[in-house]
Amino acid sequence: MFATLLLFWLMLMGRITADVLIVGVIVSLAIALLFPSGLSFFTEFRATPAAFVAGLRYYGLFFKELVKSNLKLAAIVLSPSLPIKPGIVKVRTRLKSRMGRLMLANSISLTPGTLTVEMDGEWLYVHWVSVGSTDVEGATAEIVAGFERYLEVIYG
Amino acid sequence: MTLILDLLGAILLVGGTVFLLSGGIGLVRMPDAYNRIQAGTKATTLGTLLVLAGVACLRPDWGLKLLLIGLFLLFTNPLSSQVLARAAHRVGVKQAPQTVIDRLEEDLGEKS
Amino acid sequence: MTLLIAMSLLLSITIVAAALLAIRGSQSLAISILAAGLVSLLASVQFLLLAAPDVAMTEAAIGSGLTTFLFFFVLGRVRGGEHD
Amino acid sequence: MIRRLFVVLLLFGLAMVFSGLMAGYSPDEVLNLSARYYAEHTAQDIGAANIVTAIIVTFRGLDTLGEVTVLFLTAAIVGLVLSHGRREGRGSGRELPPAGELLTTGTRLLVPLILLLGAYVFVNGHLTPGGGFQGGAILASAILLLLLTDPLRRISHRLITAIESTAGLVFVGIGLLGIVLAGGFLDNRILPIGSLGELFSAGAIPIIYSFIGLKVGAEFSSMLAHLSETEDL
Amino acid sequence: MVDLLIYLAATIAGVAFLLALWRFMAGPTAADRIIAFDSLTIVSITGIALAALAEGRGIYLDVALVYALLSFLGVIVVARYIERGF
Amino acid sequence: MAYIAMTTGFVLILIGLYGALTNRNILRMIVAFTVANTGVNLVMVAVGYLHGRTAPILDAAVPVAEAVERIIDPVPQALVLTAIVIGVGVTALMLAYAYKLYESKRTLDISAFKDLKW
């Protein structure tokens, strides 16, 4: 957590000199002590080479999906008949760690067409602009599986 | 070299604003609140990310701060849209007549 | 320069429209507060265009952020008094 | 109806006054005398890159002291008004809905980052836009996020009061040091001015502004906490 | 050429801004309005980035950071309010 | 640009005053006050604007030597900064009083509070 905060501090300042480092260490240490229960991107992160590779591939898949489905949504919005078929479907996830679930829900929300509405244990309720399949398995395969494969490696 | 970078940046800018525009049109045309959340937040998120990338291409020395803004948006925006959709569902905002299925409503009904 | 002037004009129109929405008495109080927050927010972009980034940051963080949040806290407590 | 007519007439008169002001306004072409002084002397005398900060903290430092005092009084009065007559034993009237797993996790991730952003804003007050007041507001926003996520959480008033009074004392103490070591109250030249654009420059401005930031953040947080601890009516 | 494209981008962003404003004015439910508010904030970030580009001052971007924070917090506050959950 | 902002500010003051004087709900009056407050700030910053100049922050884009020729008047900005912070303090105070008034009479209508009117 301390490391994450220091990294963000250096990114904010945009330069590494002695004075910046000193102030950054003081500030990050103070915040880390004040919130000992705080999380960071690296909590529950498995620092293995496989996790790094999976992380890179995850981001690749994520941005590809992001652009692709944004284009699809733009096409839906611009077409005169507005061909939507909205609904809320239920999917399940195998992820156990909180960070992993948060990242999964955020990924689902950010790819247009799907939006996490509620999360209850392992069940995710997802609002879908054009529903493909209404049963749990089919929807899980279509929405979750792609991201989950990588996130499972990263966060376990 | 810088000319190519400038041109790339400008094209990214225009592309990003086109996504912003599609988000705006979606905001106006979609039939109910949930679909508007879909169109509104996500198209604008991608659009803003593209705009920030374009500015980063035009002025590479601002890159780190733009990257930070992008990361912050990328993290907070889906979270806030999720919280909003949850709140809207809890207070029972109406869904559009085209809606085919609502599993959450069914499950909540079973529990109570 | 023309770009900045056009942005400023657009912002001005928006600010006045949001202010009219904020003081109109016929809609719910939450919408009024939200519209007042929008007025502050857009005014802060206007400050930025007037080359005052310090004031813009203050208005965004304090005038638009904290004031709106305080309003919503109080509004959450006095739900019965929403209607005149 | 008569009343509304009166109001409209009043506003019409005001509009006349305003349009007269607008018609008589001619924008300056060059800086006026005081602004020119600030523009020329800030860099050498104060060493701050942000002239607005230099004006607030040093040239008009007493104003800022008064402003912080007014905020402190406001926070104290809000606390006094809202705590008076609080009935004991009656719980909050309704079921508080839990915040949901995603928001809880996200809050625990985001609150340290928001605090860091606030610290960045007020430590860099002399170089970039921002400063104590904005940074304090951002700190209070982080506290607000905590309050929203967990409505039953009680923010420790003792900690807030301790931060607030310590920061206030240090602020006044640095001001008094200025009398002893340099030219006068709140003179920033008790520390070396340094070169323009460095983080450790502008004498005592970063330190003063950091403590103002902590104080303002504590004051806004205590206002928010008092308001959120009130009961439903 | 580059300048022309930047002007085009600003125009398109302005149109998107007006559309979101229309939804803010008209939106039937509070959720619609707050989502329009969010969109307006995010389009304003684009506006700030363009203004920083036009004036050539990188320090304006700090304000955009505060805007990103504000759009998030505003939505959370209103969402918790309509959930009756303070 | 200064003219545009100044006109907007004056219009905001008028709108805010109208709202504060005609509404009967206390919270609505406070909302109208904040709108007028924003208008005043806008006018003050617009007075300090000089055409074609940039923000009073010295960095690589504005070196010290050119500062007098390139920056705008910093004094109104410092004043407005103070005004905004005091404004939120005043608003918080008004809101606390509104809460107490609601607690005593269970209504926010201004005409219900006639204790001091005679």
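Letters A, B, C, D, E and F mark the chains as written, and numbering starts fresh at 1 in each.
Keep in mind that, in the parts below, contacts are C-beta pairs under 8 Å (C-beta built on N, C-alpha and C of every residue); 3 or more make two chains touch, one makes a residue touch a chain.
Just so we're clear, the structure is a prediction, and the values are computed from it rather than from any experiment.
Enquirer: Listed by label, which chains are in contact with chain C and with chain E?
Expert: Chains that touch both chain C and chain E, as defined above, are D, F.
Enquirer: Identify the chain pair with more contacting C-beta pairs: A-D or C-D.
Expert: Between A-D and C-D, the larger count of C-beta pairs in contact belongs to A-D.
Enquirer: Averaging only over C-alpha atoms, locate the centres of chain B and chain E and give their separation in whole Å.
Expert: Each chain reduced to its C-alpha mean, chain B and chain E end up 11 Å apart.
Enquirer: Report the inter-centroid distance (CA atoms only) between chain A and chain F in whole Å.
Expert: From the centre of chain A to the centre of chain F is 40 Å.
Enquirer: Would you mind pulling out the distance in Å between where the CA atoms of chain B average out and where those of chain D do?
Expert: Distance between chain centres: 32 Å.
Enquirer: Find the geometric centre of each of chain A and chain E from their Cα atoms only, then give the gap between the two centres in Å, rounded to an integer.
Expert: That pair's centroid distance is 22 Å.
Enquirer: Could you list which residues of chain E touch at least two other chains?
Expert: 6, 10, 17-18, 34, 50, 55, 57-60, 62-63, 65-66, 69, 72-73, 76-78, 80, 82-84, 86
Enquirer: For chain A, give me the residues that contact two or more of the other chains.
Expert: Residues 8, 12, 105, 116, 118.
Enquirer: Enumerate the residues of chain D that touch no fewer than two other chains.
Expert: Residues 50, 52, 97, 100, 102-103, 106, 109-110, 113, 117, 121, 128-130, 133-134, 138, 141, 144, 223, 227-228, 230, 233.
Enquirer: Return all touching chain pairs.
Expert: Applying the touch criterion to every chain pair yields A-B, A-D, B-D, B-E, C-D, C-E, C-F, D-E, D-F, E-F.
Enquirer: In the complex, go through chain A and note every residue touching chain B.
Expert: 8, 11-12, 14, 66-67, 70, 73-74, 77-78, 82, 84-90, 105-107, 109-113, 115-118, 125, 127, 129, 131, 134
Enquirer: Please give the residue numbers of chain D that touch chain B in the complex, ascending.
Expert: Chain D reaches chain B through residues 97, 100, 102-103, 106, 109-110, 113.
Enquirer: For a test of understanding, state which residues of chain D touch chain F in their complex under the given definition.
Expert: That would be residues 4, 7-8, 10-11, 14-15, 18, 21-22, 25, 27-32, 34-36, 38-40, 42-43, 49-52, 55-56, 60, 63-64, 67, 70-71, 74-75, 77-78, 81-82, 85, 127-129, 133, 196-197, 216, 223, 227, 230, 233 of chain D.
Enquirer: Can you tell me which positions in chain B touch chain A when the two form their complex?
Expert: Interface residues on the chain B side: 18-19, 22, 25-26, 29-32, 34-35, 37-39, 42-43, 45-46, 64-65, 67-68, 74-75, 77-79, 81-82, 85-86, 89, 95-96, 98-105, 107.
Enquirer: Contact residues on chain B for chain E in the complex?
Expert: 6-7, 9-11, 13-14, 16-18, 20-21, 23-25, 27-28, 33, 36-37, 40-41, 44-45, 47-48, 51-52, 54-55, 58-59, 61-62, 65-66, 68-69, 72-73, 76-77, 79-81, 83-84, 86-88, 90-91, 93
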